[in-house]
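Presented sequentially are two complexes of chain A, the first with chain B as partner and the second with chain C.
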Partner chain A sequence: MRLPRFEYVRPQALEEALSVLAQSGSRAKILAGGTDLLVNMKQRTVCPEVLVSIKTLSELLMVSSDAQGFTAIGSGANLTDLAANAGIAEKFPAFIQAVRAIASKHIRNMACIGGNVCLDTRCWYYNQSKLWRDARERCHRTGGSVCHAIKGAARCHAINSSDTAPVLVALDAKISVMKKGENRLIPARQFYCDDGIRNTILEPSAIVTAIHLPDGNGAGRSAFIKLSMRRGIDFALCSIAARANINGAGVTDVRLVLGSIASMPIVLEKAAQVIMEAGLTQSAIEKAGEVARTELGIITNLFTSAGYKRQLAGVLVKQALNELKGKTAKRGGAKA
Partner chain B sequence: MAKKAGHYTVVGTRQPRLDGALKASGRAEFTDDVVLPGMLRGKIVRSPIPSGKILNIDTSKAERLPGVRAVITYKDTNGLMSGSDKFLLCENMVHFFGDEVAAVAAVDEDTALEAAELIAVDYEPLPPLLSMEEAMAAQAPALHDFMTDNIADEVTMSFGDPDQAFAESDYIREDEFSVQPTHSAFSEHHIVLADFSLPDRLTVWTPIQSSAIIKSSMASNLGLTDSSVRIVNLHTGGAFCGRGGDKPHHYIAALLSRKAGRPVKIMCTADEEFLVYRGGGKYKFKLRTGVKKDGTLMVMDADLVHDCGAYMETQFILLRFVGSNMQALYKMNASRYLGKLIYTNNPPYFFHHGAGLVAMRFAIDSQLNLIAGELGIDPVDFRFKNAVEKGYITPAKFTYASCGLKECITKAARKAGWKKKYGKLPAYRGIGIGCGMLRSGGKGMYDHDNSSVFIKLEEAGKAALFTGLPDMGQGSHTTMAIIAAETLGIRIEDIKVVAGDTDVTPYDVGAISQRGTFTTGNATINAALDAKRQLAKTAAEKFGVKPAVIIFQDRKVYPKGSPEKAVSFEDIVYATLHSDEGRYVMGRGFYNPPSGQSDMSKYEANTALAYSFGAQIAEVEVDPETGMVKLLRMTVAHDVGRAINVLGVEGQLDGQVFSGMGQTLFEECVMEGGQVLNPSLLDYKLPRPFEVPEIERIIVETSDPYGPFGAKEVGQGPIQCTSQAIANAVSNAIGVPIKELPITPERVLKAIREKAG
Partner chain C sequence: MKQILSLTVNNDTYEVAVSPWRTLLDVLRDDLGLMGTKRGCGSGTCGVCTVIIDGRAILSCLTLALECAGKSITTIEGISSPESLHPIQKSFIENGAVQCGFCTPGIVMTSKALLDEKPQPNDDEIKEALAGTFCRCTGHIKIMEAVKKASKQ
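And then the complex of A and B:
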């Protein structure tokens, strides 16, 4: 498929990129690795007039530890490099597992972590060629007032399929967002919105410059599991990121976050509560899996039924908790 | 060719593919690599609705766009048809989402795309018929105005006395099976480059399974003589039965080229791939089978309804093929078959992996397992008991001159450890067997099945082999080189294969119906023998003996019984080419199997001379919580007659297991509203190499009396066993019959749930 026409800008410095974005407003799009954006442009779901390439900005390539106990990873970090970064893998195994589960080796060679964090949402109607979409009525997202994926839905429920998003939420990561004259550090949980059309708080002129992962406290354990039909080049049917502090039998700070099932990562409060009350016992784990299925809200069917996704969510909760407990769980993870 | 295995020097060795290094290093030339001076790019305007009337087509804006060189609509086609029921470009009706309505050619692809978008077509949508049930309903309107209903084709076949056989059966079982639509997902997209800038000369570069079919069809449809059309078939990126002959894009490129006076290339984009070719459509089988208490198979009665989509294409062949092959694998007294092709407003379907047989074998072998279960007979024993054998003549008169089915079953069962595993595996582990067969070439497509080959000898003792048989990745050019080298007594390095240009290469029906090794292989032997005769004359003069006693072996030539007198092959070739008369050596060989012609009233004939057989045993593990199935191990036994290239046979076995696993566990065109919901390689879940199971290969050699060196086929034969082996294994693992393909996790989970109640 062919790209539509656009103007290509490659700023030499972050400041310049912010200026260009400030001037162009919503006419511009940030181009990182382009592995998502360019496909969407070929399908004409987005047709920006200006592409601002940020992949080579040196300000976005830094990986550093700061005094507040965070490890900052520049948004321009390449996924293949990250996947091979032993230091980060040791500190944040779940995060690196998620990075390694993204797409395929070839795509990771091109893609950046910022692009994955800001990944557009998807649905089976929207992510098609223009000819294909034209065969159906326009939906909430394409200028109409229906939803094809969930009949009768009042808003867009396209799915956030980013593999790292649930991990960032589970780990309480912060996302640093810059626009001209402003620099904010936003908790990951507040960065994502439950809206298929505008699924992050980002304004068009803002750039994600880095993600900040809190260094662990020794008792923390984390897990990431992705279920997909095949190993590699596949979005998750459902994924989970989990974290807990384990001190003997005591389990605190349990966080269970599902990905690829709604427009934003879903934090399972009740299921986590079950574990914090009862610990990681087998019966509590079973119960958490059951409870999780009840707190999911609307689920978009992307080639599988909502009921099946609900089932997978419960299974993943159990697998993740078992993994936190120290058992080896079966991985649907993709290494390609 | 009476030699026994092991007496050959090249046949039966392990030869890497001739095109392997070229492809791996990116040097192999495909159609898209061909760029001609002044070449234009074409784009096709397609229907955005599954059914409707065309009210108006306005091309004026597109024609005014700078860079546009030609625009065509129905008016430019002179009523040209593509197939029996389809206008090349729609006149006043569109019948599927993607139907070809107009086309443009412009100086580059972006301009062509822009122009295509400027063509304004007004449609009046009509309610589409999206399922076979809707299309067959009594009140359903006929989709095509030349029809009164939507039954595109209907065939009944009956062999023996089915009623009597059912009456004599102790046990009768009826089941329904369905197979969802699939896609071939060629690595090389549909592409054509056509040069029709001179009125009496059409050259078409395109990947194709049969240059012969497309050449004669295009010539007759465009009013040209056969020799005015030249088809160039470079390397081909996959076919899987789906590139048999001419398709609309070939004609559209030709008409655009004629109108613009320039060559035109059309390459389908990734999303168009799911519009121009859809693989197999939906199949529904209703199967009734009668057996004796002791497991003797008596009779089968099958009703097939098959969604052919909006146009029939060649699916009428499929319909007959399924009926006549139904009783070809297991012995039975009688059979009855009713096959129907149903028009719907889904995209037109096409052959995929052996023209419907994969679906049919899945249904039959799955039901046989259910019957075996109820009779308390081991599925392996059940198959062995009923398996066809050498010398057997099927009710449709297929005659088996060689047959290794029983050997395949026994060897596969032994290697897979069947006895140790069947019924003894832990929960959610399962084992299953599937068998299959396929003919090697034969008549039916035409009243002949011709292949011809030239072998030209060159000074350094090398040979150039000219063939019209395409190599789509199955390795047939390497196979031909081996056969030629063996026959000429030289080595494979001495052979170069020249293929795929109908101005240069001799006639060949092509790589369809598993005919390459068998038919073109026989022609290759004949061409090599002819070349040898010409050389033998020189050698005979030199040694003062009769030509008949000259031996060619391992690059040496000598009179029989006197190997010490040997001179090199190269010297003999040189001496011939530089003889006083300047004798030029060109071996010419042809072969048309003396098989029968199908009688269209009774469908009885031995249309092929050779048939291959196979058995596969799958071992799976099912995750009862997610429904995901992991294919752990496949044991594959295939009767290839003779393995000409052991490495090539292994590659085909592995490839077929891989494709078969995809079709069985992963691949489905999810249809809604006449559209494929997952029209991309991201969402159409082709497996990747990571999913390949452990494969145990068993090559069974039955040395077919008609085959070149005894060889039959290893084309789409092995995949005829795969689906049912996996399905039976899954069924064994979860204790629920599997009656629908593909076996997606969701379907597995549903089955487990229903069993639990």
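And then the complex of A and C:
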């Protein structure tokens, strides 16, 4: 597969990158590690006229902690480097578990965290060669009005397969987004949209410059679990990111977020409520797993049946809660 | 729209005129005639196009040639000569880890990056490093054994 033609721009500074993007509008795409974008371009699902390469911009390579207890990770940070960062692993175990679960070591050697956070949604009927796609009726995402993945669906339900997306939502991370003359800090939960086609609030001229992970709230006791067909290199069938803030004997905050199962990370409010009320007891964990199965909205039959995925969601909820419980026991129920 | 690019491959410097949409794999094979690096899936799943840049195994099919300016690239041609094979290559032959050989250059380069970084990797580390490669003939057990034996030399 060959790449389509494009113009390549490598700005020397962030300001310059923002100007180029402001001028080019939707004709341009940001190129980070390219491990997702270049595949999509080869398959002609996206054909930008201009690629703006950002991974060497020094402004995007910082990793630092500030006085408010946030750890900021520049969007250009390489995944292999992050996976080996013991300081971040200690503070945010779920985040580093997710980074280590992404693709293969080859791809982590090339990819950036910003590219993972902004990963395009995926669908079996979309992420194929043009020839393959052209053999079928067009779907919502390719300019038609049907969906092959969920018959009768009124919109595209392509899946957000980023391993770090559910973790960012679980940890209440903030995402720093810049465009020319504007700099915003957006909570991860508001960054993702429940839409298979436009799955983040990003405008074409905006760059994610960093993600900010807050200390405390049980972040140090967070967990991430991913189930995929092959462990070595595969997108998840479903993943979970979880955190619990435990104060003495009581649970003061729980967050359970499923990834790779819908167009955006799904926050399981009802399952979390079970734990908030009863604590991390064995019976509450069982019940939370049951509740999670019924709490999921519409999900696709892609790769496995929707029924299996519901079952899987329940199992992952139980596994994640047991892992949090184990971590709590090990630390003697210490405060967050 | 072509740009003149200076590429350092196996310690030789080449000047090539490349269009932005050409990958490192395209340039290695089509411009420099270095056919050892293979073209497989072209989409990051098979690892046959693996080369080493700055000590790390990367996929040349998903790397723009223009982004390699000023970097030191090592391909399978650069790690040995027909007279003296690299210890990893010897180990692959001795342990039956080569059949058709199509995946071998990529897996050898992947293994070299691993052993250069960690001379004595454990099984999990070998599996993690090799996860992005794919052999359709030999199966991955013999390949793992070959890497393990090479690490003991």
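By definition in this document, the second predicted complex is superposed on the first by the 321 of 336 C-alpha atoms of A that agree within 3 Å, B and C clash if a C-alpha of one lies under 4 Å from a C-alpha of the other, contacts with A are read in each partner's own complex, and residues count from 1 in each chain.
Everything that follows uses one rule, which is that a contact is a pair of C-beta atoms (placed from the backbone, for glycine too) under 8 Å apart; a residue touches a chain by one contact, two chains touch by 3 or more.
Given the structure is predicted, the values throughout are model-derived calculations rather than measurements.
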| item | value |
| --- | --- |
| When chain B and chain C are modelled together on chain A, clash or fit | clash |
| Partner chain(s) touched by A:Arg2 [first = chain B, second = chain C, both, neither] | both |
| Which superposed partner A:Gly34 touches (first chain B, second chain C, both, neither) | second |
| Touching partner for A:Tyr308 - first (chain B), second (chain C), both, neither | first |
| Partner chain(s) touched by A:Met110 [first = chain B, second = chain C, both, neither] | second |
| First, second, both or neither for A:Gly232, with chain B first and chain C second | both |
| Against chain B, colliding segment of chain C, chosen among 24-32, 60-68 or 96-104 | 96-104 |
| Footprint overlap on chain A, where chain B in one structure and chain C in the other make contact | 1-2, 43, 231-233 |
| Sites on chain A touched by chain B in the complex | 1-2, 43, 124, 128-129, 131-132, 134-136, 227, 229-235, 303-305, 308, 311-312, 315, 318, 330, 332, 336 |
| Complex contact set, residues of chain C against chain A | 1, 19-23, 42-45, 47, 50, 56-59, 62-64, 66-67, 110, 127-133 |
| Chain A contact footprint on chain B (complex, rising order) | 46, 48-50, 97, 109-110, 113, 269-271, 623, 625-628, 666, 670, 673-675, 677-679, 681-683, 685-688, 690-691, 745-746, 749 |
| Residues of chain A defined as touching chain C within the complex | 1-8, 10, 31, 34-35, 38-39, 42-43, 51, 53, 80, 103-107, 109-110, 231-233 |
